[in-house]
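Structures incoming, each one as structure tokens.
Both complexes below contain chain A, partnered by chain B and then by chain C.
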Partner chain A sequence: MASIIVQLLIIGTLQGGIYALAAFGLALIFGVSNVLNLAHGQFLMLGGLFSYILFMATKWNPLLLSLILIPLFFGLGFLFERGLVRPLLERKGHELVIASILVTLGASLAIEDITSFFWGPEEKGISYMMPSIQMGSMVISSIRLLGLLFIVLLTVAVHLFLKKTYTGRALRATTQNRQGAMLMGVNTFRIGSITFGIGTILASAAGVFYVILFTITPFIGIPLSIKYLCIIVMGGLGSLYGSLLGGLILGITEAITGYFAPHWSETAAFFILVAILLIRPKGLLG
Partner chain B sequence: MLQVQDVSVCYGDIQALFNLTLQVETGEIVTLLGSNGAGKTTTINTISGILHLRQGAILFDGKSIHQMTPFRIVEHGLIQIPEGRMLFPDMTVFENLQMGAYSIRARENRQETLDWVCHLFPRLMERFPQLAGTLSGGEQQMLAIARGLMSKPKLLMLDEPSLGLAPLLVAELFKIVSQINQHSVTILLVEQNAVQALETAHRGYVLENGKIILHGKSSDLIQNDHVRASYLGI
Partner chain C sequence: MKKIHIVIFIGLILFILLPHFTPRYMTAFLLLLFMHIVIAESYDIVGGYLGYINMGHSAFFGIGAYTFAILLNGNFGFFLSSLAAILVGVLFAALISFPFFRLRGAYFSLATFGLIRLFELLAFNLRSLTGGSSGIMIKAEYRLTLAYYFTLGLCVLTVGLIFLLTRSRLGLAWTAIREDEEVAQTFGINTLKHKCVALMISASFASLMGAFYTWYIIFINPKVVFGLEIALVPISMAMLGGSGALIGPIVGAFFITIVEEILWTKVPYFHLAAYGIAIVLVGLFMPGGIVRLKWLRKPLMRLGLLED
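Up next, the complex of A and B:
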């Protein structure tokens, strides 16, 4: 029993870590640009797809291959903001939110069609084996542990970037008061592009873990985007770190209910969301 | 140092400023007086590049700045301390000051500037690790000024710094404004509090309904019947 609980906690934390990474990226983007990016889940899918393609070509460790994706997806997110999101920023308030939903949803559908046209609609997954670790009666998959380690490292790296660098501080300042940041000399437009780049790195990294643990198809993107929206609402809109907490809670809940009552895991996740919002209407850290 | 020439600004179809002309010379304290809705914040936001003008020109240090983005204007040393402070509430006091020194110009001498700012506002130093949002109103205003000074301004524009402060703090604030000016920072002070502003400033402009209706030396404005009736309550 103890071994099952430990296993479930590891799976749950890993799954939660995947949610947390991608949701953190989405929260950064929303915080800086006030844009609801429904293409976020597609970048996760693309991250998974690209690491699948690289893995099939080389058979190297998919986690190490993911390092190649970092600059690639930074560029992709940066250009996505420049091309599709920047023109919307002229609009204000709910007009901006609606315009951003329409544009990013359109981009999502296009990405979905393009990927299924070129790489086919079937499920893809990486089955990469690494020797397991045996602790007493417990067997722990070392790829999962390595995945957890990568997620923690990436989160710490983003955290240090936000706290210690001029650009990171400017990013946080922009989320807290856009005009105030501008008046301190922050090029808030450039910060918007950089934030999209970083958010997209986080989504694609989550995609690498996703394709190792589960399978991807071109159609997972939009439902995932909606799930991440729920997570950042649960964590508290505007709170960057709330999304990390929300993601972890959701992942652990899904893993535990998934083991004891597989059909209820998604439902349980949304029950938790509703319960949290009933108790704290502004979200966990909002 | 700053020349605003014949500037008109509109919000959509509504014109907010009409052929506004004013100038600030190096080393001066100039005040821009006016009641609520006269166009004071519009003026200052147009100078900062946040609003776009429909007509006219703005020169700073001889360079035309009215087509620049707000962040490029900051790099030239023209800094605004906005109404409502616009601090970063979830960042610490120290991080807010660091953000003040964000521009390339300000980064070089940030340690010296920090020493000077701490000398001006000793109370802030005790509060470095505290989140800016948890400060009292007076402390937040001091932090907003300190953050603006961290940007190494040549010309500092303050938008209603005395708003919402207790009378004792208001007096202290105007004293600090004079001290900053003695440190060779030129100042454009936007105020509703005409008495204190005219006592502190060398010259003043009076703005009504988007037009400059009067300007002159502070000592002359204090004597002016219209100013006395409308702004000094005498």
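Up next, the complex of A and C:
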């Protein structure tokens, strides 16, 4: 029993790590530009799809292949912000919410349709095997451990970027107070584009893990966007690190409920969201 | 009688007589159009007047549809089942308004968007009640014309009631909350109560529409009533037409339903992409929706269809 729980915790942490990664990217984007990016899940899907295509062409280790995707997705996110999001930023409150929903939702519908036309609507997954590690009665797949390691490294890298570099500090300043940052000489528009790039990298990285551990279809994007948005609500309003916590909680809950009642694992996520909102309306760290 | 009243009156008589002269395809198309108007217009109570973007509006539609289907199969009769559909929808709205209305702005939209997914999963999982992914079938018979009249009636009722409500104290309170919630509270408006009432009214129309739709379409499953297609109706139609104006969602529903129908029949591929790109363009270039376009604003205001 104990070994099952440890295994569930490892699976849950990994799953939660994937959630946390993409949700963290979304929280960064939301924090800087106040735009609800419903296309976030689509970038995750595209990340998975591209690494699938690269894997099929080369058969190398998919985690290493994902390094090639980083500049590609940074560019994609950067251009997405330039083209579609920046024109919205001058709008106020209510109107910004409406416009951002329309634009990002429309973009994600278009991305979904075009990908399913060119690459087919069927499920895609990379079956990449690596020898598993056996410890007593526990069997831990090493690709999962490697994935966990990659996630931790990526999170630490983003954390260091936020704390140590000028751009990172400017980014945090923009989340706290846009006008203030602007007055201090921060080019908030450039920061907005860069943040979108980084958020998209995180989403696509999560997509790489997704395609290795599960399967992807062109249609997972919008439900996933909804889920990540729920995670950042759960984590806390305007708190960047709350999304990491929310993602982990969700992943572990899903792994545990998934073991005892497989159908209910996704439903549990939303019940947890409502429960947290009842107790702490501003989210865990808000 | 003003000119506009005569136009509305003639239009209504036309729609009442239409199913006797046109092919069934036209009747089915108009039914769909009226359904979209009901959903988009009832969304607009919360989305347009109260200023809370409720992206989970179609959850009420689905709840109504499932309640109706389950009770009708339990031999409760059409009338009782529709009544129960409204009741369950309204009760649910009251239930969620407490945790959800503590959220503001974007976060409210997110949490409500999650609701649809939650209900889709619940409908899949509660197999003994909802039939899971294989859905529910109700007793079939030919009822297109009757369903058309029900939907038309509900559409007129929804639009009429919203017209009256927005001119009442309640509607004024909603607008006040939209403009500035703190100020509204300071002026003695019980904001939580008003928000809750708005959501309940909005839910009642959507869940009754869900019941009528089930009655017409005979078969429902989680994808049909909680899927993206219905969920997008209020978001795209109300916002495209113009949120917060009575005529807005109607214009949006007309526009999108007709364009969708043309795309479905003429373009074999990419109609979802075309739909998406259209939504993007609206978001980028028409912040207030079609009815607030510069060249359309004046004539609409002169007709008394739009207020500032």
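Details
In this text, the second predicted complex is superposed on the first by the 286 of 286 C-alpha atoms of A that agree within 3 Å, B and C clash if a C-alpha of one lies under 4 Å from a C-alpha of the other, contacts with A are read in each partner's own complex, and residues count from 1 in each chain.
We adopt the following convention: contacts are C-beta pairs under 8 Å (C-beta built on N, C-alpha and C of every residue); 3 or more make two chains touch, one makes a residue touch a chain.
Because the structure is a prediction, the values reported are computed rather than measured.
After overlaying the two complexes on the shared chain, residue contacts for A:V186 are found with chain B alone; chain C is out of touch. When chain B and chain C are set side by side, the one touching more residues of chain A is C. Once chain A of one complex is fitted onto chain A of the other, the partner contacts of A:A170 are limited to chain B, with no touch recorded for chain C.
Residues common to the contacts of chain A with chain B and with chain C across the two structures: none. Across the interface of their complex, chain A is touched by residues 51, 53, 55, 98-100, 102-103, 105-107, 109-111, 113-118, 121-122, 124-125, 178, 228, 232, 235-236, 239-240, 243, 269-273, 275-284, 287 of chain C.
Only residues 48, 50, 69-71, 74-75, 79-80, 82, 85-91, 95, 98-100, 102-103, 106-107, 147, 151 of chain B touch chain A when the two sit together in their complex.
Note for the complex: chain A touches chain B at residues 166, 169-170, 172-173, 176-177, 179-188. Contacts from chain A toward chain C in the complex involve residues 30, 34, 36, 84, 87-88, 91, 93-95, 97-103, 105-114, 117, 222-223, 226-227, 229-230, 232-233, 237, 263-264, 266-267, 270-271, 273-274, 277-278, 281.
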